[in-house]
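Letters A, B, C, D, E and F mark the chains as written, and numbering starts fresh at 1 in each.
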Amino acid sequence: MENIKRVEIIVPSPELERVLDLFQEKKVEGYTLIEKVRGMGHRGIQDGLGLTDAFTNSMLIWYCKPAKFDSLREQMRDLLEECGGICAVSDAQWLMH
Amino acid sequence: MDLDLILHNLFSPPILFFLGGLLAVAVRSDLEIPRDVAKFLSLFLLFSIGLKGGMELGHGGDFAVMIKPLIFAVLLAVLVPLYTFVILKRKLDVYNAGAVAATYGSVSAVTFVTAVSFLEGADIAYGGHMIAALAIMESPAIIVGVILIGRFSGAVQKGNRMRKVLHEAFTNGSVFIILLSLVIGLVIADDQYEAVAPFSENLFKGILTLFMLDMGLLAGKRISGLRTKGGFLVLFGILVPFFNAGVTMLLCPLFGISLGNAFLLTILAASASYIAVPAAMRMAVPKANPGIYVPLSLGITFPINIIVGIPVYYMILQYLYA
Amino acid sequence: MDLDLILHNLFSPPILFFLGGLLAVAVRSDLEIPRDVAKFLSLFLLFSIGLKGGMELGHGGDFAVMIKPLIFAVLLAVLVPLYTFVILKRKLDVYNAGAVAATYGSVSAVTFVTAVSFLEGADIAYGGHMIAALAIMESPAIIVGVILIGRFSGAVQKGNRMRKVLHEAFTNGSVFIILLSLVIGLVIADDQYEAVAPFSENLFKGILTLFMLDMGLLAGKRISGLRTKGGFLVLFGILVPFFNAGVTMLLCPLFGISLGNAFLLTILAASASYIAVPAAMRMAVPKANPGIYVPLSLGITFPINIIVGIPVYYMILQYLYA
Amino acid sequence: MENIKRVEIIVPSPELERVLDLFQEKKVEGYTLIEKVRGMGHRGIQDGLGLTDAFTNSMLIWYCKPAKFDSLREQMRDLLEECGGICAVSDAQWLMH
Amino acid sequence: MDLDLILHNLFSPPILFFLGGLLAVAVRSDLEIPRDVAKFLSLFLLFSIGLKGGMELGHGGDFAVMIKPLIFAVLLAVLVPLYTFVILKRKLDVYNAGAVAATYGSVSAVTFVTAVSFLEGADIAYGGHMIAALAIMESPAIIVGVILIGRFSGAVQKGNRMRKVLHEAFTNGSVFIILLSLVIGLVIADDQYEAVAPFSENLFKGILTLFMLDMGLLAGKRISGLRTKGGFLVLFGILVPFFNAGVTMLLCPLFGISLGNAFLLTILAASASYIAVPAAMRMAVPKANPGIYVPLSLGITFPINIIVGIPVYYMILQYLYA
Amino acid sequence: MENIKRVEIIVPSPELERVLDLFQEKKVEGYTLIEKVRGMGHRGIQDGLGLTDAFTNSMLIWYCKPAKFDSLREQMRDLLEECGGICAVSDAQWLMH
């Protein structure tokens, strides 16, 4: 078991592409994506309604080394500031295989 | 006869199910149409209308006659966001003013489709090129809106982001499927069209009916979000469609546009987008609040157009063209 | 001729695909119909049957004739949960007894719809008001069930919760869509109905067929959950529909209800809910186990009604009405 | 980065409204909602089948200050006792923006 | 006339919408058909083709005539993976070679369905038993592929896992629904079929059209995944269908198989699976890379067959049968 | 509040059954399942496309006692090695009810 960070990012779906672009730029090697997530926050309710994903969120789960997260923390912060959403980090252990 | 017409429009299944959807929200029923199915129904409507428009376009028509409404359509799509932006900026910040302006410069395909279905009920001819007008009017307002915001917010739009917006404006799914179906309807042989028609044409009114139920559910849920936004916006959402329609109706005869086409152009001018524009604006202007521009277009302008607008515009045009 | 009828019923596509769904589960095939699509198909069936019923209702009929089956329907919906509760309480706790009682007092729209399709195949007339009976019978049993549980569990139902249950009982999606379609079918003109009919009417049997495949898949998966629940419940699920049907069949001629309507009333009495009641019970009585009342109604009573019940009830009624 | 609690609540979907009512009553400012989740627990398997959500769960993720969670802990416990489901809390850090 | 035929095939709505889907990906449009709806459309196509095939089968036919193409079909399904495996092993590891071989031994239902729709347009008769051939050819190649991998990888396949693969091969959803519909189509009376036909038959071409749009979107997205995989695979994906088709076309007349049936058998031989095989292989051989076998079959072989293959095979067969 | 482990398992959907079989064998009493999850990892992108779930992941969330997790850790590791996916563990507290 190896110590690792669990990063959880929730953003409005139209902004997902920007987070994934950031991931690609920083050569993130793995992530998991849950789509069509709803929620509430400072920008009001995202109720998942409508024919577009304007009112839908996307959720990313990313396990990584602490240093890796640090390398994109500031860009992530800027992105969230502009587009809304949250990013939280917790400690985890990872089953090596 | 006039009242007859209003009633005829009101008592068509699509309108009645739209009202039923509003009612379901009002009594807090848990009735819902699954999102993915609703998306497919909307795709079907665009596919169906595009194919039929292309088909009719293929059966000939004078280029000189067809080009006029298209030019008119582009002008409307550019001018409406400009003048509405000036009005909106008095009460809203630049971001929201630009987003609402784009919303009203662009068009609502479902309003259009309801109007087509009304015309067919009344047996009035219209040209297949009007479906091209629908497709053409979706995008320009988005670009105008984004440029206005860039200008007035002082924020320099990064070239990268602007490119993305342009791209989204011209390739978004609803524009793409209409244009694709239009072109395919144009090139295929009649027997090919007829093989598809039991699906694309015969089911049209029925699917429109269920789709309008979903629109009622959506509009009902969105209206409540407007309550806190004050009377200015509601007034805007009621008056602007009539103003846009009015100007269009006065100009159409001068341009020599036929009754059916003038009616459709009027409804395009009066309608506001709630699919293409929200998708583009959330990406282009995240600082604009979709809780303003979506409810306004979907909760106010859409019902007004399909319930009051369609019969009223039609009566006025009949008078003008008499 | 009697065997012919059973075979005719068994060899209709909806029934055969229902059996196919059971088979798919038995051989552990991974065949499935996406949930959202299945929900839409069920919505379509209610929409279609409602619209057609309303339409037929609009074409006249004697009020005195129509009111009788409706009163009968309400009585059934109230009395069935009362008597079944008494039986069920011997073996189940109060919560589960109440939930199962409500399940059997309420009705199954798909069983009804299969019966309608059977009647149409046999060319027997029925009244549009029977669709109203379907809608009317969905809710009362829920309320009776909740009241019974409140009484016998000693737990004082908070007024707030009871209000929610009442609300859910009368506004749940399936009741709402039937009633809405019924009313709209009633008010629209014939040509309006005909424009929608290629969707709502012509596709009915085909969509029912695919929907029954899904019902077979569901029923197959749910039956296995019953194995551990013992023979009492299985017996209950087999006998109660026949008993309810029997009483209804005997009373119908006395009330002067026509053959077609009596048949539909019988099937309503015999059927048990697996949509409206589970939705309401999970909210009203979280202590009741949906692993009991859903499999019972869906895995036992539903197949018995559509495979054995429909032809048997029909033969008995033909005999009674001869 | 600010220390924060990550609360994860999983309840049968028909009970979701009650949790959201509790959130509203306690003026919770933000949450994320994943619908159509399946699961297994003391009350058997929730396999997501059927035409209603009677066999479906909903999952809420709520980042909050510890005190905020404490303020609704007891009511949450009562709710879970009556309707089933789980509620778990872990430590996390939150990217301020 | 030959060019006419190619054009006629190219200008059919299903093919044009397939190209439209490719175009949408090329211009990076966000057009998409919700996954669940696409799954349902594919289910509908299998249901429709199965029911119709069963119906036609029910209207008689000589058993001796019908059995020949079926035996031929099984032979193809067993031999194709064997010979392709030998070729593939030169460039791929055992796992991927086996998976690709299974992919090409199995068949594509949508290619088949497009070919049927082409035949009907050209008014050429074919037998209902060809739908049985479609169903029969889905599974054997999966088993051959898994056995080959077991043999050549040296890894002893655990009996448990092999049982699962066998099970999946014969009960997967698409095989099950075709066979079920075929059998039901066979047993029901004509009037029963006709009640379902407005759904299952009349909508066929239209739904195929929208489904092909989805196939274009999928194929477009999958092709790009192949770029890094090198020219060998692409060449394989282009040449193998023609080779398989060629051998089939030469043998069919010798077996006394009619033109229409020979055409369908040819298309089956030429087509590669992208539904049943991926589902089975992901489970049976997790070490094989679905990023190879899916794009190859969907991005290369599928478009080649429906655009070039269908008219070319047809012309060659017409020449051979003249 | 009781200390507990939060186990998060993400595997390609066709392998889900194997994990659930392992759960059953080890008598796991409760879990939550999120289906139709996308992601990226060593085996490339799982984009959720197609008519099968060949390109889709499933995500399991399992709250359990540490010893319980240990009891199936090695089998889990073998499974992930063969089929891909990840398994991570973090600390949590669980609202008893």
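Here is the rule we use: contacts are C-beta pairs under 8 Å (C-beta built on N, C-alpha and C of every residue); 3 or more make two chains touch, one makes a residue touch a chain.
All values derive from a computational prediction rather than experimental measurement.
Visitor: Touching chain D and chain E alike: which chains?
Guide: The shared contacts of chain D and chain E, listed by label, come to C, F.
Visitor: If you take the mean of the Cα atoms for each chain, which one ends up farthest from chain E?
Guide: Of all chains, D has its centre farthest from that of chain E.
Visitor: A-F versus E-F: which interface comes out with more C-beta contact pairs?
Guide: A-F
Visitor: For the two copies chain C and chain B, is the contact made of the same residues on each side, with over half of the numbers shared, or of different residues?
Guide: Counting which numbers both chains contribute, under half are shared, so the two copies meet through different residues.
Visitor: Measuring from the mean C-alpha position of chain B to the mean C-alpha position of chain E, what distance in angstrom results?
Guide: 41
Visitor: Between chain A and chain D, what distance separates the C-alpha centroids? Give it in angstrom.
Guide: Chain A and chain D have C-alpha centres separated by 20 Å.
Visitor: Using Cα averages as centroids, what's the distance between chain A and chain B in whole Å?
Guide: Using C-alpha averages as centres, the distance is 34 Å.
Visitor: Could you check chain E for residues that touch two or more other chains and list them?
Guide: 35-37, 39, 198, 202-203, 279
Visitor: Using the touch rule from the top of the page, what residues of chain D touch 2 or more other chains?
Guide: Within chain D, the residues that touch at least two other chains are 34, 36, 48, 90-91.
Visitor: Determine the shape of the graph in which chains are vertices and touching pairs are edges (line, ring, star, complete, other).
Guide: other
Visitor: Over in the complex, which chain F residues touch chain A? Could you list them?
Guide: Checking each residue of chain F against chain A gives 8, 10, 34, 36-42, 48, 57, 59, 73, 76-77, 80-81, 86-91.
Visitor: Across the complex, what residues on chain D touch chain A?
Guide: Residue positions touching the partner: 1, 4, 6, 29-35, 61, 63, 90-97.
Visitor: Within the complex, which stretch of chain C touches chain D?
Guide: Those in contact with chain D are residues 35, 38-39, 42, 218, 221-222, 274-275, 278-279, 281-283, 286-287, 289-291, 294.
Visitor: Using the touch rule from the top, collect the residues of chain B that touch chain C in their complex.
Guide: Spelled out, the residues of chain B in touch with chain C are 8, 11-13, 16-17, 20, 23-24, 27-37, 121, 198, 202-203, 205-207, 209-210.
Visitor: So in the complex, the part of chain F that touches chain E is made up of which residues?
Guide: Going through chain F, the ones touching chain E are 12, 14-15, 36, 43-44, 47-55, 82-84.
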